[in-house]
């Protein structure tokens, strides 16, 4: 990917055809977006370039706009019904649409058919900003929209999808923030120092399963080496950090073995810092900064 | 049960045969315990009566003592292999030996055979003070004992079992403490008042399943109407309180939906007070008093 | 006082003259209040009796009402200018109007003269519900009232004053709540138990001085033997609890010697529970319940 | 000062006489220390240079060592008896030996006379690492030493004094840590964000007075612009941070006006991070990292 990372200055200087070629994949099956945007160069920032391309989309005649939206792929291609029973635990990896329980598969299929019938175009969502549960929830919420509002919702999602594609291709000043960060910090308030060597797991908590995202442990500063998640959008959903404080405190504690902290992420581009202040007999957590 | 509750004074005044009849079921198949204890009356307290009966047991000749211990029923009669897969959730009721996963059933059967072979008497444990997981753990721990130490362990458990039976039959001064208490309290530190109407569930957390023990909610004082558990021994094991604070805070919170507090109970006759001090963005819990 | 405590039933049954005699001191220099209230007997509760007496006051003709209010004693009789310099610490006892710094004495005298001139009656306040600082603050705030509003404020205070006098004389059902309570509780979250033997002082914090109200220490339950204040109204003002946790933790802590918790009391009839959850390296406090 | 800051490389390359000239003021009235150290050049680090100079001192013949120690100035030159009464508040600046109350002046004078008499040399202490109270406490503690132990204590202090002088003159790799840091952070756990605009004061808390060290407030990140103290040793002593949370929360809080956090600093070269997690009705503080 680094090999194809262009600077905004280089894009500004290209022939129109070269500019279009570089950005053809950003808006799928729609070279006219890049073509129109080429004419308004130069762009001072990556954000300005993306704004201009979205303005082209929004200004397109109704037929072209409808065809553009309708040309997006079905979400359904990735959907799979799993053999997991309800409430079972998928202990490895993020929960995606390839891991639906029978009940969820049923729910997804119903939404999909109803959506197609009502709107005449496929359900579009920036999957990288969502967990399976939030996709299913969004699907049902957006089904209640009227066509105008839903077309606007689809364009918003296309904006989020193409923004991620663009920052993967173009470097330069004014890059939009497209990534979030999840971090933690464990302080031992009985000893008055960072708690080192505390094993930590991070799970995604789905309605029907848990997906293990990370296994790590704290370093001498009570932090993990690097954030728990970074460099990508945080997926909207529910998560659980499990701190193995029983092993850390050893015989001095009989009350807590594993401390689970369950929290929701609502801002994919936000910074969630979730510290634990802990003694053998009590603890405090909060959204830090 | 109330109909048969005798006072210690009444027992002190009975004919020896009447005394023995009243207490026959306390030590199974061993009327000689009550017979010997009858001779040392009067007893000032229920505890003194129980101590005297246990002293009779401990002073019995080796053959009689062995026969007494060996005469206890097998724990195995209640054991059942369930169809639950590993990690599945048994959402109703406490987890007992009637709810073993295949792996646990296997583990139990192995321990049972090895125990019988090594000690020549059945594994005795005061089941009412234990969860399934702590029974299995005790079983394996005690298998490592030598015969003398294990006979002592069995007598300790018989003391705990008969103490519970005795306090169910006899009233009066000096009753031993045989029950524990689990309670909670929710304070809303954003509003500065008890958090009323917070839904709470209490689960037993087994290695292979969760058992739902209570569903309740907080009253105007931020407490539950009555303790979560009381009037019986607390079963040694791991528990999880889930506080539905998301519904309580409503739109003002996006961080916490359900706050799980997982903790171990190690003292069946103890008082565990586990409060929650909570805001929409942080919380504190600890072992209170 | 117990010797003169009448029941509401006894008061209901007295001759009118006896009733008036018993309650004469409640409303100063105003036997007509008790005389009118005698006619409406019986009163089911102490609160009903007090409400009836206040209704008599409020229904009095303007001249009588003015004379009644104006007949109250000057607050000034207790006021003294002390030799304490600004910011010095009066280490013994509550801070009253007998302990004004020169600047406060000046401020009080100015308010007093202005109040007399503006309203033509003395400043009336239920002194037992206030500290020196809140009296001075109320004085200045009420000076800004117009005459009607200030007459209402004076009657509210007379209601509070006479309510306290009445509950000291009359017993029975429906006694109004006239007392507050201040309590604390210290939990050692490093050891998982109540912190016993922690020395505690309670000061009133005035703008120009501190007054020592209590010196005590925690018992085995981490509480004080009895509330810090009870059986009387809490005085509106600022307070500081000092917990000598350095002595409690000994060598294991080098961070905290004395933990000061400063808080305001705004509800004289409220219950203020101010616990401390403490380790050698951190602590939490909050308004409990 | 920057003008005279030499690099260790430059010192290594100087003529012996130039080296001695540069470092003459580090060890007072003792050019022989620098002379001997010049011969062992080059020094790879600033720490190695300081260690070598202290080794020269420690290896000096007894007479020379005694003369060197005895040649240090009396601490007494800065001592002043102030007119402040006991418990009064010196609201501006750090509390030094120029601000002793009459009782403290008396105590200092007694210690000084006894010290001279017992040891025959002046009391030496690295004043920049101490508050007035810790100097007085050290004085009395060290008076109890025997001569050998006290000579060692004096040399330790000379090491600390000269280390500070050396790092002010010499730059380069391996500089010893001679400075500490005090910082804070305020999080509003009711709103789930850093608390901006909270006024903060930092006082030194002496036995007989308070000295105001800093007045500042939190920025948008809930931190102060720069640490509260940095770039110098933290003085061993007791401090109080006052957080004006009443003004911050406004009408939503009636419980806390000013939150005082009192803590001891014991490690002059340490990092003390003292955060406040606060709601209108409760708060948590701890030694962070």
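As written, the chain order gives the labels A, B, C and D, with residue 1 at the start of each chain.
We take it that a contact is a pair of C-beta atoms (placed from the backbone, for glycine too) under 8 Å apart; a residue touches a chain by one contact, two chains touch by 3 or more.
Keep in mind the model is a prediction, meaning the values are calculated, not measured.
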| item | value |
| --- | --- |
| Farthest-lying chain, centroid of Cα atoms versus that of subunit D | B |
| Interface copy of B-D among A-D, C-D or A-C, judged by whether over half of the contact pairs recur | A-C |
| Result of counting contacting C-beta pairs for A-C and A-B, higher pair | A-B |
| Centre distance in Å when subunit A and subunit B are each reduced to the mean of their C-alpha atoms | 46 |
| Centre-to-centre distance between subunit C and subunit B (centres being mean Cα positions), rounded to whole Å | 49 |
| Rounded Å distance, subunit A centre to subunit C centre (Cα mean) | 57 |
| Two or more partner chains touched - positions in subunit C | 189, 192, 255, 277, 279, 281-282, 284, 286-287 |
| Chain-level touch network, classified as line, ring, star, complete or other | complete |
| Contact footprint of subunit B on subunit D as seen in their complex | 189-192, 253, 255, 277, 279-282, 284 |
| Complex contacts: residues of subunit B adjacent to subunit A | 85, 87-89, 91, 238, 240, 246, 254-260, 262-264, 266, 279, 281-287 |
| Residues on subunit D engaged by subunit A in the complex (per definition of touch) | 185, 187, 189, 192-194, 221-222, 277, 284, 286-289 |
